[in-house]
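The two complexes that follow have subunit A in common; it is paired with subunit B in the first and with subunit C in the second.
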Partner chain A sequence: MQLYVNIAVLASIYALIACGYVLIYRVSRVLNLAHGELMMLGSYLLLTTASLFTGHPYLAFAAAALLALVVGALVYLFLLRRMTGEMVLAAVLTTVALGILLRGVMVLIWSASQQYPREALGWANPAIALPGGARISTFALLLILSTAAVYLSLFVFLRFSRWGIRMRAAGQNPLLAAQRGISLHGVYALAWGLSTFTGGLAGMLLAMDSGLDGTMVVIGLKAFPAALVGGLDSLVGALLGSLIIAAAEIFLIHHVDPLLSDVVPFLVLIAMLVIRPWGLLGTKEELDRV
Partner chain B sequence: MSKSLPRASGYFRTSYADELPLVQTTLQRLSLKAVLLALLVFPFFATSFQLDLACQVFLAAIGALSLMLLTGYAGQVSLGHAGLIAAGAFTAGILAKELNAPFWVTIPAAAVVGALLGVVFGLPSLRLRGLYLAVSTLALHFVVVYLGGEYETKRGYSTGIVVDPPKLGGFELIDGRLWYFVMLAFAVGTLLICLNLLRGRTGRAWRAIHSHETVAEALGIGIAGYKLLAFVVSSALTAVAGALFAYYRGFVSVEAFSLFLSIQYVAMVIIGGMGSLLGAILGAVFVTLFPYAIENGMRLLPGAEKLAGAVFAVNYAAFGLVMVLFLVFEPQGLVGIWKRLQSYFVLWPFKHRPLASGRR
Partner chain C sequence: MTALLQVEQLEVVYQRAITAVQGISLVVQPNQIVALLGTNGAGKSTTLRAISGFLGLDDARVTEGAVRFKGERIETLSPQDITRRGIVLVPERDKVFPNLTVAENLIANAPRGMTLAERRRLHELVHQYFPKLAELKGREAGYLSGGERQMLAIAGAIVCGPALLLVDELSLGLAPVAVEELTRRLVEIRRELGIAILLVEQSAAVALEIADHGYVLENGRVVLDGDGPRLKSHPDIQEFYLGGSGERRSYRTVKQYRRSRRWYG
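Up next, the complex of A and B:
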């Protein structure tokens, strides 16, 4: 039973991170390899707002989430906007370089030692007993719930809201979308903002559950196979991919070798790339556009 | 080889055989001699620290040249270069440790392992392109590093494998000056291999595949074969660099082969300038010396003692920043700057090439 709970927690972590990859890729065909760093930046922002608004943990949390949204949009406006229309690979390498830059800056500002934003906010993290003898920490449960909420609202947003429809249109055919008066830069900036927001949310919840240090980037990178296995342009796919990756990881760690933890997602990724490169639910012609 | 600018003023080839010599003009011959002389004399005046830097540059140059073959010429993106270096280093380390194999066995063995891994890294390229290919090499990098880590823990070398200095003709290779010449020989050898591959049929095939795969296939180039060949050659050369690295450091550990190393090699290719061997070398020099330059620069700042702990982070941030700046403002890299400088002096006092001459 505990095993299944662990899978559910890990899957929702991956899913919450992976939807950031999917959002940006679906809208602008850019693979954001700085997602792990942006997610870590979100949780460091929480650390700062926690010390700014002492005594108001909810306010601090909301401020950090809002800041993450703004940071994502700024990253697009000041950096990636210049790479629009360039070779896709150049844009991807720019995100890689941005990731390195962010990592250095974060160590400079917040130091590399392990931090605990939950203590700074003054929240406790008691374990909750589930039927069947399994236990789950409060923030892990919160993580599952917020993943569900984020996915639900993203579905509604993309399907029914004006900006969501604009985003889908820009992803399907940027030229036509621009011709119809959709501001591509606005849509892309929104995608970056939302992606950083969800990533930052994942980072904050994860940091509150288990502390904050440099290893968070690795988790961010391990969520990427989840996005690709499901199909880089499909949100449902990201959910499915996260479940597969998390299940494979937990089972192999449990039954074979704990050292496998960092490599399992990538093994699944390779298998997927060999069999069905566009992912479980991705669109097939994606491949030739790259 | 595209005609470089100085030769545009009246140097014309009259037969295909004229295309072949690597050194074509007197100026080239003289500058080549000057560079060789400088490289040969350098170790007799340098401090041991400078020798160490030079060796690192040569090592990086081997890796960068081989990545340039793959990415800059054949157009196949790889984010798994550190995995190949790790493979070479581990091959050399394991053979030297377990079987006491000598230098002249481990280096070719590393090349063979590299070539085999090249096939593995290259197989996805037959189906995937661009981004997806980059991702698959990235994934393979993690697999290789995992296997190395597994070996370390299973054999009880949890901190890393210690490699004894190699023996060459009876005496041990420890002296920095000796290492310098070994590394120089390997780097020059790699450069010659690359030059020769690129001016022949193989190089033309790679460039054709880079420009347009379908057209290349229509011209009768076996796409699959040449793509795999690019991966195999590049990986074998990289693995040799890895084996040399193992001997030079005397120590192999998975920590040295992080994703950051792969990115550094990609950065060398980009900062140097895509599609140019000179670019690979310039990029290797730049990326290798950059952290030392930052460190020295920080020492000049006031309150240097307090900053000492931050050197690592500053290095990281500055490296990322430089990479971003090159990608955004100078996609042609250092070679682009060099070419612009050349044409500035050739065309002076004019700014632009007259329309009549057409080609660059």
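Up next, the complex of A and C:
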């Protein structure tokens, strides 16, 4: 039973991060390779807001989440906006450079040592007993619930809200979207904001559960195969991909070797790229020939 | 009366080398249907792209002349800004969002400065003009027939609240019955909503049926213009666009006609 709980927790982490990759790719066809760093930035922002709003943990959490959203939109407006109309490769390389830059800046500002925002906020993380003898930490449970809430909200937003429909429209045909008066920069900035918000939320909850240091970025990187395995332009695919990667990882760690943790996601990714390069639920036509 | 759209001596160059439009001038008055006729490569679609602000995508730019809408120059504005000022393009291809439903295709449009009541009124109106769209509202646009797509594209443009509708190749690939239905709707839309229409067509028969005024382009220049009935009865138009005599002509005769057409420019 504990095994399945661990799979659910890991799948939730990957899914919460992977939806950020999907959102940006689906709307603008750009692979955001700085997503892991932006996720980590979210957790460092929480560290800062925790010290700013001492005694108001909810306010600190909300402020950090809001800041993550704003940072994402600003990254688009001040950096990626200039790449609109250029080759997609230029935008992807920009995100690589941004990721490296952010990593350095975060070490400069917050240092590379392990830190615990939960202590700064004064929250406990007691384990909760589940039926079947399994246990789950409070923040891990919160992570699962947050992932469910985020996905549900995204589905409702993209399906029923005017701006959500515009985001889907811009992702399908940006030229026609512009002809119909849709502000592409507005839609892209929103996608970047939402993506960084969900990534930041994942980073914050992870940091609350198990602390924060520079290695968190690896988790962001491991969520990338989850998005690819599911299909880069499908949110349901991201959920499915996260579940597959998490299940493979936990089973192999448990039954073979814990050191396989960092290898398994990429092994699954390579297997998927060989068999079905567009992912489980991705659009075949969307993939450029390699 | 100020013209709704005035194109003055427009020159468009692709990739800094190929001049596709050479000094075209045309006028669209409010509430008027104007046809832009010509064969492939005459410069019709380029003119439309210059008016709607989409030249940059093809590495083309306006090198001379001006495009004025309601008296203001617009040739340097972005496509979104031009749409929001009231010029909406119905493109030749990729005219709907294929993975969105018919209803979502209409909702996605982003008219500026329109109240919710005005938006609702426009949605009701397009369903009056194209009742079939109401029946198909839950269907993905990618599964619509060519005629239904064209209906949806025009409806989507009307929802943006335009003062001028640019329609690129209305009849392309459609059955004559569908074309007849669509042209009838365009006339109604012009009459009832007061929307002016600039219609780019290869089929002169379709365009001159409803146009108040027409321009014939050849090699990036206007070679002939006049009101609809006059153009329709013009011998060159009869011969070249409406298949007047029906007899096959020799190259020498055709060449002679081409020369005579250029005299009008």
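Throughout what follows, the second predicted complex is superposed on the first by the 287 of 290 C-alpha atoms of A that agree within 3 Å, B and C clash if a C-alpha of one lies under 4 Å from a C-alpha of the other, contacts with A are read in each partner's own complex, and residues count from 1 in each chain.
By definition in this document, a contact is a pair of C-beta atoms (placed from the backbone, for glycine too) under 8 Å apart; a residue touches a chain by one contact, two chains touch by 3 or more.
All of these numbers come straight from a predicted model, not from anything done at the bench.
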Comparison of subunit B and subunit C by subunit A residues contacted: B
Which superposed partner A:15 touches (first subunit B, second subunit C, both, neither): neither
First, second, both or neither for A:23, with subunit B first and subunit C second: neither
Which superposed partner A:228 touches (first subunit B, second subunit C, both, neither): first
Partner chain in contact with A:162 - subunit B first, subunit C second, else both or neither: second
Which superposed partner A:202 touches (first subunit B, second subunit C, both, neither): neither
Which superposed partner A:178 touches (first subunit B, second subunit C, both, neither): second
Contacts on subunit A seen with subunit B and repeated with subunit C across the two complexes: none
Partner subunit A, residues of subunit C touching it in the complex: 52, 54, 56-57, 78-80, 83-84, 88-89, 91, 94-100, 104-105, 107-112, 156-157, 160
Touching residues on subunit B, where the partner in the complex is subunit A: 77, 124, 127-132, 134-136, 138-140, 142-143, 146, 149-150, 153, 259-260, 263, 266-267, 270, 310, 312-321, 323-324, 327-328, 331
Residues of subunit A defined as touching subunit C within the complex: 85, 162, 165-166, 168-169, 172-173, 175-184
Residues of subunit A that touch subunit B when the two form their complex: 31, 79, 82-83, 86, 88-90, 92-94, 96-105, 107-108, 112, 221, 224-225, 228, 257, 259-260, 262-263, 266-267, 269-270, 273-274, 277, 287-288, 290
